[in-house]
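The two complexes that follow have chain A in common; it is paired with chain B in the first and with chain C in the second.
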Partner chain A sequence: MARTLRRLTPAQGALPIIVLWALPLAASVLMLLPAIAEPDAWRQLQSHPQLWSALVLSLATGGGASVLALLMSVLVLAGLDRSRALPQLQALAAAGLALPHLAFAIGFGFLIMPTGLIARLIEGGTTPPPWVTVQDPWGLSLMLALALKELPFLLIAALAALARGDGTGRLTQERRVAASLGHGAGSVWLRVVLPQLLPSLRWPLVIVFVYGATVVDMALVLGPTQPPTLAVVIWHALNHADATVNGMGLAMTLVLTSVLAALVATTLLLLQVTLPRLRHWLCAGPSLLAAPRGMAVVTGTIAGLLMLAAILLLALLSVTPRWPYPALMPPAVTFAAWTTLGSSAAPLWLSLLLAAMTALVALGLALLWFETQPEGRDRWLIGLALATLALPQLAVAGGQYRLFLGLGLTGTLPGLFLAHLTPVAAYVLIILQGPYRAFDSRYMMAARSLSVPASTAWLQVKLSLLRAPVLTAAAIGFAVSMAQFVPAQLIAAGRYSTLPMEAVTLSAGGNRPLTAAFALCLAAPPLAAFLAASLLGRPRWR
Partner chain B sequence: METTGMTFTLTRRGLIQLLAATPLAGRARAGEAWDGIVAEARGQTVYFNAWAGSPQINAYIAWVGEALQRRHDITLEHVKLADTAEAVRRVRDEVTAGRAGSADLLWINGENFRVLKAEKLLFGPFAEDLPNFALVDVAGKPTTRIDFAEATAGLESPWGMAQLTFFADGAKLPTPPLSMPELLELARSAPGRITYPAPPDFHGTTFIKQALAETMADRALLPVQIGRQAFTEAAKPLFEFLDALHPELWRNGKQFPQTQAQMTQMLADGELLVGLTFNPNEPANLVATGTLPSSTIAWQNRGGTIGNTHFVAIPINSTARQAAQVTANFLLSPEAQARKADLAIWGDPTVLDMAKLTPEDRALFTSAAAPGSVTQPAPAIPEPHGSWVPLIEAAWLERYGA
Partner chain C sequence: MALSLEEVSIRLDGHTLIKPFTMRLEKGVIVTLMGPSGSGKSTLLSFIAGDLTAPFNATGAVTLDGRNLDGLPPEKRRIGRLFQDDLLFPHMSVAENLLFGMPRGQQQARHAAMTAALAEAGLAGFAERPPHTLSGGQRARVALLRSLLASPGAMLLDEPFNKLDADLRAGLRDFVFRHIAARDIPCLMVTHDRADVPPGGRLLLLGRGEVRDA
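Up next is the complex of A and B:
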């Protein structure tokens, strides 16, 4: 494969991803333009009383969650730097990452709401306390849940970047140099490790922000309602039967996406300008700053425990039809939800197959692109990928549906596959771009100078050294595919049933045991994928 | 104008029925035509796009599929929806693109029907030619032919009845509030324990319609088209009532649950005192599944509550129209309606007229009252004309939304 890779022209290397991913995606977005051009849509948008307050709420929850998640992950990574707990941390983070957002929201919600476990433990009494925890008007519980849920994602992305085989050796030497100059462990991490880590984390961080500002399912459970976040307003509008209301939803989408794009661009630009000024600070010292081990352990433990509590509560809720306040244990247990879930296995198999196929194909497409294209062209692809993640799924899928209708792809397996590939390839590209492009090409040169054939060098040196980020990207792709429900419903017109589609349609009835059971079931395959990726991705030479 | 159109349809329909019923030849022709449809339906697959948020409903639809396969050689595929509007958009896009339909039968009513009818996306009229339509209680349940003040015009076939119903734990609330003013009093005595879902959630809008119907001076305005100005005038008492109610509600009426399902959960968890539903049998059903305690009580406001009918319709681009009609007809059969009305199965009230059934068929409907059943049913107040809804939602959002 690698030999043929070398012989491919840039055009040949770019064609597959353009044909299978970029073009359909761009065309789907273009299909939405006629509706956005309707003046009626904009009139409705202007007169919507919640537009601006909802927009501010979206930006605040998304932005706050990103900052919080970044701070927590930096603290944990710096504190547990080179500790023996890192593999365990990776496994924990994998579990947290595998848990669907909605599942975490339900579990976390049952912890903090007025009738939740914490209230039962500390308040008691016959009526629940008037706590304003879930659905608080400021969106704080949503922000906190988002930050906690994104922490594992940032940790996994950071650990994968740090585990890159080509970088570890150099990093170790640089650390040694810094330490011999008298820097404390914390100072070494801040001045040596973090500056090399942040570029790899740039796009994952943007994902966290964009995801947080556009998430619907979590906001429906934990977010405020008057006004709700803009993503929820858009979701209601896009779900409407009336085409003019759909148009207003699309116009709002354009507003939200433009504001997000402008914010991301400004922030990146500001960082580009200000970061070099920090050189002075980076070279300062020596400082005896110690690694924040205690704080890292506390932060990590609290986050881990909350995650664990959410999972355990989900498991309990899945067998508890009724659990009234202030009972500390459910009065009765039934496995009805699991029986319903287990009654048909076909959706699970189809989902697993689709997830494995899309993750592999997306990985292949991404590698093909990175190997044949100059780095400067990445920004187009990354921009498109970020747009996919920022746009509401209903909007993208709506455009895709119209496109695929014309192509005769609706209601078919190839159509379903392409629709799953859209977000999967976007995630894989964004996750892989940083670590892959940062590869130290001198390793390849060294291999070639030892007369190793190009294909062998690529496979045994480059791919082997980049194993951790490549496998992590594939696992994330797998998990993203397992979470898709719109393609099966819209693009496949319900002809093929997937597990997430079953889960979403059944939870439309608000049956908590069923929702919890499905959420746990949806978490299992990605968890296996992440654990496999972190086991297989561990450097061999340590 | 809307009303004249409706009367015209009613008269024409009545005439056709009269003509079809009197001469034997006409009846025979109709029978022949139906036999042809049944014959053509054999071997077809019906993609039934239906909300799938309840395992009980899904199991019932699976049973319908088995029966149709056995008797008519029809394959029924339940395309599970979280939101019916999605099927509406799909049909619209398909018809615009000139493609064959992916849906053959839709479970709809209200707004979704109004849009599909207005955009001419429905096949028919077919509903009133179905043999079992003769059993429908069109006189006692006028909403079987008038969907949210919109004439069904034979474009959808009635399937089940719905009526706004409240429920609570009788152990905590022995005397339920039987009107909106009584609900306000209850909210005052138990601040923070009463609420309703925020519109545009369907149940939230219905709660407001109910308050509107109970507070407005002239209820005769409801079934007719309304303009902005007339609305402001008619809804004045409504907003006076809501202004008084909101400070007493959960979170002082500043936040609302997102859905009726969330509200039910909050009731079950003990945070709220009163829940609401559109299926009068849902509380009994929730007792049966263990979600609510057996002390649950259900009631309808004494002056009546908003009621409607849900239907099945066939998209104009369906490729299995015959089988879809046979399915709609089977759904109207006493056997299917009785099973659907059974609390242990689904508990969805029938659209049929018991007086029109044979004694054997009538015997199929053996619904004993169960814990959580409505003990004193109240009359149904027909849904307001569709023009009220956007005005209600906009005015509500304006006042309480931000």
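Up next is the complex of A and C:
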């Protein structure tokens, strides 16, 4: 492979990723622009009775979830800083990251609903308590589920940034100095670690906020209905049979995207103005503030237990046809739902096939790019990848739908493949870029100086040393593909069905065992991929 | 003020790195400890400072000015440290670095002390600069000032001149020794460069697990 790579010109190395990923992506976003010039769509939008209340709900759930997730991650990191539990925390967070949002939302819903396990545990009685939890009108259950699900993402991003900052043990040494100057562990974390960490959390936070404010699948399961969040209003409009309603959906997507962009820009600007005013607090003098270890352990444990309980409950429900209210354990177990699932497993196979293919192709495209392009050109590609994640999925997928409709790609497998590749390649590029470019090329020179052929050196030295990030990128790509709902539903155009589509449809119906079985099928493969990646990627010398 | 070590010994995974020894460091005196790498010099400093981590462990008592430091976390020991790297916090200006460890109190007084320290060190006008814009020698001097402005009861120097160019070392040694002497506190320095030993200073050698006078 290395010899083939070396024979490729930079143009040949760049072409595949540009043709398969970058161009369709850019064209999709551009396809949104014609929606600006559709007066009918804007007239419908203005007279839509739920527009403003839905927009406020979207911003509140997305914003609230981001703030909550940030607070929880800061608390956990500050409390467990330099503790021996950090590797375990990292492994748990990776598992939480792999868990698809939708599967967690379904399990979480079963957990908190008035007839759910939590009500049975703390309320009991003969009838379910009058709780308003799932689909509550304020979007609180959606917000809480989002915050819990984004906690692992922020933890992973923060731990990666801290490991980068501590590459040579620098941050550890800085902590020592700060302690010798009279600062307690909590003060050291707030004054020395956090200020150096926050800049690298900027993009992850933007991604978390935009995702939360525009998520469709989770909002369909847990979010309010009268009015729903704006993403759900848009979703129904995009799936409407009437083309002018579709146009209104795209116009609403533009509104939502612009409002989010303005909000992010304003927040960043406000922080730029206010943060310098807090500087005097950095050097106000030594403080013996201790690390919030107890609170960190409690927060982490509750978050972890809720995620674990959601998954275990899915497993239990999938084999429980009837489970009358106050009983803590199901009266009988049958595998009827799994039999049903087995006889209609096409969505499962399609999802697995798409996930495996997009992960492998994205990995190949990324390696091809990194091997043939100078590092300076990464900026454009990484910028595009970040934009993919920071843009509402509705915007990218909505534009992609219009583009693919014109190209005759809707309702086709190639169309579905390209639609899944868009977010997968973005994640793979972002994860691989840092480790791949940080690779010390002198290892390759050393190998070549020992008369080892280029291909052997590439496989046995470079790829071997980069095994962990390469496998992680593939596993995340796989998980991201498995979880795609919006682009899958739009591009499939009713001709194909994937797991998330089945799970969303089922969750609106009353068949709990089958819903739980499909949600579990959605959760298991990404978790298995992560487990495999972390086992295979373990360095040999540890 | 004096720093006392009594029957201090250090072990690594069960085998003895430094055999029990006792010594007393008087105020205003710099004691130098030399030994090959891996002999446990820096580990001893970590033990005195209170941040020894596994797989190392240590026994023995450390007292500073009669106060037993056993079990106290590093931030409560009032022991300043200098490392090979200056370790100035990159997100703070020179002034903020200096104020970081200075005891709390009236803001004007703290600023005046900081400005005076910079001026005395020939660094007037550098207060608002980010650390990375200073030369290596300047950063090393700021790092020492930062430690001393925290009013430590003792100083530990861990090969502080190791990473500096040879032509800067002599000047910085003189600067460091002068400032520590002026504070009148005990100081323990580890190094593997005999030229680092202050003129007329006490020199200890660490070899085969034993600490003895040179």
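The rule is simple: the second predicted complex is superposed on the first by the 324 of 542 C-alpha atoms of A that agree within 3 Å, B and C clash if a C-alpha of one lies under 4 Å from a C-alpha of the other, contacts with A are read in each partner's own complex, and residues count from 1 in each chain.
Everything that follows uses one rule, which is that contacts are C-beta pairs under 8 Å (C-beta built on N, C-alpha and C of every residue); 3 or more make two chains touch, one makes a residue touch a chain.
Since the structure is predicted, the reported quantities are computational estimates derived from the model, not experimental observations.
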Touch test for A:E502: chain B only (first), chain C only (second), both, or neither? first
Partner chain in contact with A:L288 - chain B first, chain C second, else both or neither: second
Tell me the contact category for A:R176 with respect to chain B and chain C: first, second, both or neither. second
Just to be sure I read the superposition right, which of the two partners does A:T412 touch: chain B = first, chain C = second, or both, or neither? neither
Who does A:S455 touch here: chain B (first), chain C (second), both, or neither? neither
Check the residue A:R279 against both partner chains and state whether it touches chain B (first), chain C (second), both, or neither. second
Chain A contact check, chain B vs chain C, more residues touched by chain B
Output check: A:V192 vs chain B and chain C. Expected answer is one of first, second, both, neither. What do you get? second
Check: chain A residues flagged as touching chain B and also chain C none
Would you mind writing out the residues of chain A in touch with chain B in their complex? 48-50, 53, 113-115, 127-128, 130, 132, 135, 137, 220, 224-228, 236, 239-243, 246, 321-326, 332, 334, 336, 340, 398, 401-402, 405-406, 410-411, 489-490, 493-495, 497, 501-502, 504-512, 514
Flag every residue of chain C that touches chain A in the complex, lowest number first. 49-51, 73-81, 83, 85, 87, 89-92, 95-105, 110, 146-147, 150, 152
Per the touch rule above, chain B residues touching chain A in the complex are 47, 49, 51-55, 58, 77, 79-86, 88-90, 92-94, 97, 99, 102-103, 111-112, 115-116, 192-193, 198, 200, 251, 254-262, 264-266, 268-271, 289-293, 397-398, 400-402
Residues of chain A touching chain C in the complex: 170, 173-174, 176-185, 191-192, 195-196, 279, 282-286, 288
